[in-house]
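Note that chain A is present in both complexes that follow, paired respectively with chain B and with chain C.
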Partner chain A sequence: MLTVQGLTIQFGGLVAVDRVDMALKQGETLGVIGPNGSGKTTLFNLLSGIYLPTSGSIILNDVAIQGCSSDQVFRMGIARTFQNGRLFWNLNVLENVMMGFEEVRTISLRGTLFGRSGELYKRSIEKATDIMSIFGDLLIKQSNKLSKDLSYADRRRLEICRALAAEPKILLLDEPSAGMDAIETATLMSDLNKVKAKLPNLSIIVVEHDMDFIKGLVDRVMVLNYGRCIACGSFDEVGKDPEVIKAYLGQEESEC
Partner chain B sequence: MTGELIIQQLLNALSLGVMYSLMAVGFTLFFGVIEVINFAHGEVFMLGAFGALAASGILISAGLPLGSIGLFIVVLLSVMIIGGLIGAIMERTIIKPMRSSPEIMTLLITLGASIVMREAVMLFFPNGRNPQPFPQIIVMKSFFIGGVLIKPDIVLTVVLAALLITGLYVLIQKTAFGRYIRATAQDREAAKMMGIRVDRIFLITFILGSALGAVAGLMNGMSYGIVKFTMGFIVGIKGFAAAVVGGLGNVYGAVAGGLLLGFLETMAVVFIPDGSRFQESISFIIVILFLVFRPGGIFGERTYEKV
Partner chain C sequence: MSLKILLAELICYVGFLAIVMIEEPLIVALVVVVIALLAIGMLRFKNDFWLQLKSEFSQNMGKASSMAMIIALSFPILVAGDSYWLQIANLAMLYAMMALGLNLMTGRAGLVCLGYAAFVAIGAYVVGILTLKLGVSFWPALLLAGITASLFGVVLGLPALRVKGHYLALVTIAFGLIVQELLLNFESVTGGTNGLINIPSPVLFGFDLSTPLNLGFISLPFQANFYYIIIVLLALSVFFVNRLSHSFFGLCLNAMREDQLAAQCYGLNLTKYKLLAFAIGAFFGGVVGGVYAGMINFIAPETFGFQQSVLVLSMVIFGGLDSIPGAVLGAIILTIIPEKFRAFDDFRLMFYGIIIVSCLLYMPQGLLPFKHRIITAKPKEQEE
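Our next item is the complex of A and B:
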């Protein structure tokens, strides 16, 4: 479904992502781990069209998408969340989710002024409510709140809903549990597993530091270090890889 | 001073204020959504007035049986189309290509465009060098209500501005398009990543703001009965001042800022002895006071509240 070959980006003398190859099957969940500064978010920025790669290719369902702008990549089916949260603060919860709907892709002033029947709006609200229901009533009961007034954990949840609203083929989650406590992280993991069950064709790539979270969610793990992929495989396989232990897990153990 | 005179002056203040408000809304939309300070906006105002002059001249000489209101509506639509078109051309030719340039370059280029537009009217509009009488579009007699002289032009101006501002409010707050504008204003990169074609949002924003500015030009022509090619400069600066007073980027602040300037200017003329001498400078004194003591504008909102 998604094939990445030789993906490289260079900022001056720094090679932030260095000849990364990866493949993602439909319905698969891939975890991307690595120490800080290893290129995880840069990889996401390349996949979502924010950065233009220096070299390499990104093929989504036989279409090369490297060089496409971020709105084009979104319309092709890759939606993402952000490490630091990029909600639209001056829009309410419901409006944030609705931002992901298909109507966005066909926006016209005429359509906006004359083509929006009450029925369509009602359907949009129903659809948004349905998406938010993956987190129980946590977000639904706050539908009319401005997103800036949400708790941190709810903001992360809302970002996931907004990305899912686009019905993407691939969902990129950039540190979804950052800033959550242990209970919230566990709940998020179980909620995301529910999303996977509900949308079996959705592929997910998740960048995360919490190893329990990664272990409980993903099918495969890719480890980045200095922009290079140093290991790829199941969580247990990767955990035994000496280079990984040295680069990342070992470092964590010594920190503990 | 009699109560009637005060009410009279309040009406004048209101008609001046709504004109500034419409101008300020344009400035604030450009800044809030596109992060551009468009110094050519005053000339769009002037071109709106000249467009209205040309359109009404053609329609009146054609002798179409439109009636006052019919004529006004056709002129209004023509002016909005002219303003929108100028806005679209400006956005595509000078704003869009400069998007990745430093802001000062965009500022300079809009200043250059304003000079080109002004000189073009002076050189190419028939008798453009001289002030031109603006035809009376609404042929209705003024009337008195409780001793207050009511000019139908003023009533129409205020009602029209109120309708346009309400329309803009509905567009921004209640429609999908408004959500896209608000989202783009807040975080254009995230908006782009939600599939919004921000290029299109920028274009439409420029068309909207410019159309409103051109309508302000029409209102000015109707209120003062005269247009000249230099009229855009000072009103442009005052519209910008009103937007700053309202908090640049805040649409409702721009409306309030315009009304405040219109009110203070009019009252200065009435209450300060020989006050008409200060009329032009009072706006700028207010801007300086705001910039020093309340740089966030009337509502003191932060940038994420913009639009």
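Our next item is the complex of A and C:
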């Protein structure tokens, strides 16, 4: 479904993502881990069209998307969340979710000026409420709050809802559990597993530091270090890989 | 319940008429201070009455504004043909339309524009040149003025796509200056510093709008004609801006204002939305300019200087960014009050400076702050 080949981006002398290859099947969940600064978020920015790659290709269902702008990429079915939270702060929770809907962008001028906006709104609100129900009533009961007034954990949840509202083919989650405590993280994991069960065709790529979270969610793990993919496989396989251990724990001093 | 709204509006109207009628600046100052203190007191001590009135208004916004319009229709009769105050009222409403247009750009879409007067100038000159030199009748020329201003809005929008925030403000200042310089130097078409004189007055259904309006029991000066024309245009503007703002289109503009990158990552074509915001905002400016040219019959470049752009922006900020009633009220107050203090005309710009600074310090949300969309604001109550 998604095939990435030789993806590279260079900022001056720094190669932030270096010849990364990956393939993602429909309905698969891929975890991307690696030390800080290893290029995980840069990889996301490349996939979502914020950065233009120096070389390499990204192919989504036989269409090359590496030159597309981020709005085009989104319309092709890749929705993302942001590591440090980029909600529309002065819009309320419902409106934030509604921004993921296609009809919000495609409404005609005639519909805007003379259409029956009340019904349209009502339908969208119902749809948005339905999406937010994956987190129980946590967000629903705060529908009218401005998103800047939400707690940190709720902001992360809202980010996920907004991305899901777009009904994407591929969902990119950039550190969804950042800033959550252990219990919240565990709840988020089970909620995301529920989403996976509900939407079997949705592919997910998730960047995360919390290893329990990764273990409980993903089918496959990819490890990045200095922009390069150093290992790829199931969680247990990758955990035994000597190079991964080296990247995370540092090289063992040789006794001599 | 709508009786309460009517009463409140009538009281405001009487207060407004009192301010207009009283000639002595000192007494006016006193009245203004008393009203301001009363308003502040009302807001500080959030008593039930005030809250109730507020919710009445927010629930019946359509009714309230149409009633206000109907009440305002009596203004020319009540000031008994005082042509000076009629003219001020006309200008106030034109400013209100400008503030609505600028509000769409700056308040809703977050694109700061300090060159708004340029769009008004373009509209005025389009009507001036078309009616004076080419003999086109006023109404198609007015429509064309709006469209031309929109096109210039797109022209301004194109370089503005690459810059944000302060840099955008600078680009728009430059745009305003360029348009003014063009008007000054294109003498063969625009008349240079002398401007255009003797622009013909519009004719509506065979009735020349520059002749007095005879209502049977009272004969009103010709400004009353324009008063009624402009109030209709203002009502239309409020209607359209309201529809745009409360639609999904307005929501997209809001999202763009909040976070351009996130908006783009959620599928918004920033180019399209920025250009549309500029074009629609500029349209109102162009129409205002056209009406102004037909009403005053004389236009010159200095009428549309940087000061006017700042003035309109201060109206928007004073009324409340992104608030439609705020833009109208801000424009009316900031036109009427300086007129009452004509004696201190030299300090006008300082006066606006003080208003902007104190507004930003003490009520950054303006007189009538933006409220969240009514429909999204209460979905759960309906379901529960």
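Quick note on the criterion: the second predicted complex is superposed on the first by the 238 of 256 C-alpha atoms of A that agree within 3 Å, B and C clash if a C-alpha of one lies under 4 Å from a C-alpha of the other, contacts with A are read in each partner's own complex, and residues count from 1 in each chain.
We take it that a contact is a pair of C-beta atoms (placed from the backbone, for glycine too) under 8 Å apart; a residue touches a chain by one contact, two chains touch by 3 or more.
The structure displayed is predicted, hence computed values, not measured ones.
**Q** Should the pairing of chain B and chain C on chain A count as a clash or a fit in the superposition?
**A** clash
**Q** Just chain B (first), just chain C (second), both, or neither: which does A:Lys122 touch?
**A** A:Lys122: touches chain C, not chain B.
**Q** Between chain B (first) and chain C (second), which, if any, makes contact with A:Arg162: first, second, both or neither?
**A** In the superposition, A:Arg162 contacts both chain B and chain C.
**Q** Between chain B (first) and chain C (second), which does A:Asn144 come into contact with in this model arrangement: first, second, both, or neither?
**A** Only chain C; A:Asn144 stays clear of chain B.
**Q** Just checking: does A:Arg80 make contact with chain B only, chain C only, both, or neither of them? Give me first, second, both or neither.
**A** Both: A:Arg80 reaches chain B and chain C.
**Q** Could you say whether A:Leu94 touches chain B, chain C, both of them, or neither, answering first, second, both or neither?
**A** A:Leu94: touches chain C, not chain B.
**Q** When the two structures are laid over each other on chain A, which of chain B and chain C touches more residues of chain A?
**A** Residues of chain A touched, chain B against chain C: more for C.
**Q** Check whether A:Thr41 is in contact with chain B, with chain C, with both or with neither, and answer first, second, both or neither.
**A** So A:Thr41 meets neither chain B nor chain C here.
**Q** Do any residues of chain A touch both chain B and chain C, and if so, which are they?
**A** In the superposed arrangement, which is not itself an observed complex, chain A uses residues 48-50, 69-71, 74-75, 79-80, 82, 86-91, 95, 98-100, 103-105, 107, 109, 112-113, 162, 166 for both chain B and chain C.
**Q** Please give the residue numbers of chain B that touch chain A in the complex, ascending.
**A** Those in contact with chain A are residues 171, 175-180, 182-183, 186-187, 189-198, 200, 204, 304-307.
**Q** Sort out for me which residues of chain C touch chain A in the complex.
**A** Interface residues on the chain C side: 240, 243-244, 246-249, 251-252, 254-255, 257-259, 261-270, 372-373, 375-380, 383.
**Q** Touching residues of chain A toward chain B in the complex: what are they?
**A** Within the complex, chain A touches chain B at residues 48-50, 69-71, 74-75, 79-80, 82, 86-91, 95, 98-100, 103-105, 107, 109, 112-113, 116, 148, 162, 166.
**Q** Would you mind writing out the residues of chain A in touch with chain C in their complex?
**A** Touching chain C from chain A are residues 48-50, 69-71, 74-75, 79-80, 82, 86-92, 94-95, 98-100, 102-105, 107, 109, 111-115, 117-118, 120-122, 125, 129, 140-141, 143-144, 162, 166.
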